[in-house]
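Look at the two complexes coming up: chain A is in both, with chain B in one and chain C in the other.
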Partner chain A sequence: MNQFGILFHKEWRENLRNYKIFWIPIVFILFGILEPVTNYFLPQLLDSLGNLPDGAVIELPVPKPEEILQAVIGQYQLIGMAILILAYMGTIAGERRSGTATLLYVRPLSFRDYFLSKWLMASITGIVSVWLGLLAAYYYTFLLFNQVEIIPFLQFAGTYSIWILVVVTIVLAASAAMPNAGLAAAVSLALVFFMQIVDSLVGAYWTFSPMKIPVYAVQWLNGEPDLSDYWWTLGIAFAFILALLFFGTGMAKKKASTAKV
Partner chain B sequence: MDQSTIVLLLLPILLIQIGLMIFTLIDLIKNPNPNGPKWMWAVLIVVVNIIGPILYLVIGRRNY
Partner chain C sequence: MTILEVQNLTKRYGEQLAVSNLSFALEEGTATALIGPNGAGKTTALSMLAGLLRETSGSIKWNRESGVGFLPQHPHFFPWMTALEFMEMAAKLSGVDSKKALAQSKKTLEFVGLGSVQNKKTGTFSGGMKQRLGLAQAIVHEPKLLLLDEPVSALDPTGRREVMDLLKSLQPDTTILYSTHILNDAEQMTDQLLFMQQGKLVEQGSLAEVKERYAEPCIRIRFQTADQASAFAGFVSLPASLNGSTLELATRGDGGTAMKTVLAKLAENAEGVVGVEQKTVSLEEIFIKVAGGR
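On to the complex of A and B.
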């Protein structure tokens, strides 16, 4: 077996043993189900928990199914991204500290294969989790509200998968560049959340940036985003991912000597 | 929708939450060296819904 295969096998085993490939999808599915259900029961919930005076009448419009999926993405953008970042903050930085890294680094290791095997494993876990979660949300929305057309849904979930790739790449590159897992998480959380805030504040001046992918993903549900902007955004996102992959590989190599014995 | 369908719809949520809780508690009991006192994690996992088990799995297991 080639080196990449061996390293990937190691990553797979590790993710199996620390249960990441079980609990990350489960959490995404849970949040995917919770959103349509709470929306469905919102009138009853307000009734029993809302402390409303007797006789108060609230007319809630029935949300459109597309709005439910949009709300699910809202949850994923906050809790989901935080979970992905926290789960993978230590992939490289933690390995250096725990001593696993020294076992690897003393061998003639290709850092490209090393970094890519970790990246592939994290990306697979992230994308599979998000798809399972979105499919659960889709099914519940269908049961409780109405059907969302399948083609827009696939376009929406596909576009959102690219965003997951961006986030995973940021975490892994930060994990390679930072001295410990906590700092890696801080840097990637800051990048992912702060950049999105900046993008939504002053981002009106440019229409393509990787931070806009979730916005475009949601637009697929209600029609079609501006296609030239959309493809430019995806192109820039891929260039961004590629650059971060090179950066991460370089940093993993450069910081290899900081591994604790 | 009648009562039984609604119960069936809510069942997965309950199962996932309880499953996650039991799974995490078993892992905590078996864990020889969690990151922080065991009783604290046990309380957190049982009391704080969803977030408690996640926090334990992310921070408490020392698996990074």
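On to the complex of A and C.
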């Protein structure tokens, strides 16, 4: 029987029983709803909490629905990514450290299937969470403001899903390469956030990099990104993911002997 | 037939030699006890044989297709998995046909005495239950070679006896190599003894051979008082040593003749004699002698 199926079944069960498959989507949905709702109630909030003098009139421009979805991505880029990284930082490093990996490694294990089963599980959780969160945001934005065109929305969410794959792949490869979950998280957070900052500071000199995917995703909402840049960026992102999958598999195998016996 | 052959197996961590030039062979169907003090390199050696650690140098020759089962000293399980779920996964990963894996898992859990808790999560298991589950996962695919690191050390005396009996019942279909520091257990089930110290194999052979090598044949006579013991020492010509009211007579070589002589002397001067025995050397005494001799 193929090992991928056996190992994926194990990952599925684990994510079900430690509730990751429930709470991660819930967090993304909450942040998806929060953005349109707070925007909608902002004038009332300012009125009641703002301690403004009587008679002061606040005139806020009504945000465009696209701007609200963009703000949701802003939340995901910080809190969402941190949650995904923290949730999956111990996927491999933690198993090695606790010793649970030993009884797997002692069998004729395919480390490719081992790594890919974990990667697929984390990817599914991440992408499903983001889609549910964005759909919730889409729905509440529609209720409280206005409708965003469906096609641009799908292009936007689809593009952002590829970014999720990039992040998930980084955290899993780090978990395979690092001696413990904390270091795996530190490396992943550093890569994801630091590289984004670098890209936004000096990234003006190049137009395609995996770090620009969230920017291009948002651009679909307001027209379309430069398609040549866009496809190049996706191509490089897929190459980056593929390279990290090979790297992660190799590291999982190489570091197998560090599992606690 | 030799099932496993190890030659000059060495593991080096930086400057430190954890295992140094280990060479031995396992005959099919035999049980081999790997003994030695803490830190002798037993776990490192077993980990290399199980394929968990890469050796620095040397070779391990055996037929991988015949399958190996490994029980680490402290097996760790996924606490959210039930015993049966874990066994089924372990069986399938070890190549048991997926149709047979469930039945095979249940059968093995019954065998180690965990049949009634097969649907309980392993996170709730006691140390003894984990040890049994560890044994079950090592044998679920019916491997020809079983490597066990301290299989009974964590168990109480009853549990130890039960697990040793389980292991014995696996023979002779399974070749067993197990480490232990409980020498009583080693004496119970061993065709070959490997004695490791500071990473090296310092003693090797069958239990009888090793005992023979360390035997210091002597006749031990216990008296009621020390005076009676020293008085009797004057009647025999054998080299005597007194230890309180116990007299030990070194026999050198033919113990039978010496025993006859001693008994004849005792027949005349039996005052205060409590017991007479031909002293045999225990594995524990050998252990202390070998381990302390460096």
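Methods note: the second predicted complex is superposed on the first by the 260 of 261 C-alpha atoms of A that agree within 3 Å, B and C clash if a C-alpha of one lies under 4 Å from a C-alpha of the other, contacts with A are read in each partner's own complex, and residues count from 1 in each chain.
FYI, contacts are C-beta pairs under 8 Å (C-beta built on N, C-alpha and C of every residue); 3 or more make two chains touch, one makes a residue touch a chain.
In this text the structure is predicted, and so the values were computed from the model without any measurement.
Novice: Overlaying on chain A: chain B and chain C, fit or clash?
Specialist: fit
Novice: Contact-wise, after the overlay, does A:Tyr140 reach chain B, chain C, both or neither (first, second, both, neither)?
Specialist: A:Tyr140 sits against chain B, while chain C stays out of touch.
Novice: Under the stated touch criterion, which partner chain does A:Asn18 make contact with: chain B (first), chain C (second), both, or neither?
Specialist: It touches chain B and chain C both.
Novice: Touching A:Thr207 in the superposition: chain B (first), chain C (second), both, neither?
Specialist: neither
Novice: Per the contact definition in the header, classify A:Val27: touching chain B only (first), chain C only (second), both, or neither.
Specialist: first
Novice: Applying the touch criterion given at the start, work out whether A:Gln75 contacts chain B, chain C, both or neither, answering first, second, both or neither.
Specialist: In the superposition, A:Gln75 touches no partner, neither chain B nor chain C.
Novice: Answer with first, second, both or neither: which of chain B and chain C does A:Arg107 touch in the superposed model?
Specialist: Second partner only.
Novice: Angle chain B-chain A-chain C between C-alpha centres, in steps of 10 degrees?
Specialist: 80
Novice: On the overlay, how many Å separate the closest CA atoms of chain B and chain C?
Specialist: Least C-alpha distance after superposition: 9 Å.
Novice: Would you mind listing the overlap between the chain B footprint and the chain C footprint on chain A?
Specialist: 18, 98
Novice: For a test of understanding, state which residues of chain B touch chain A in their complex under the given definition.
Specialist: So the residues of chain B in touch with chain A come to 9-10, 12-13, 16-17, 19-20, 23, 27, 50, 53-54, 57-59, 61, 63-64.
Novice: Using the touch definition up top, name the residues of chain C that touch chain A in the complex.
Specialist: 43, 47, 50-54, 64, 68, 70, 72-78, 80-81, 85, 89-90, 92-95, 97-98, 134, 137, 149
Novice: Okay, in this complex, where on chain A does chain C touch?
Specialist: Contacts found on chain A: 1, 3, 6-7, 9-10, 13-14, 17-18, 98-100, 102-109, 256-257, 259-261.
Novice: Which stretch or stretches of chain A touch chain B in the complex?
Specialist: Going by the criterion above, the answer is residues 18-19, 23, 26-27, 29-30, 33-34, 37, 83, 86-87, 89-91, 93-94, 98, 140, 143-144, 181.
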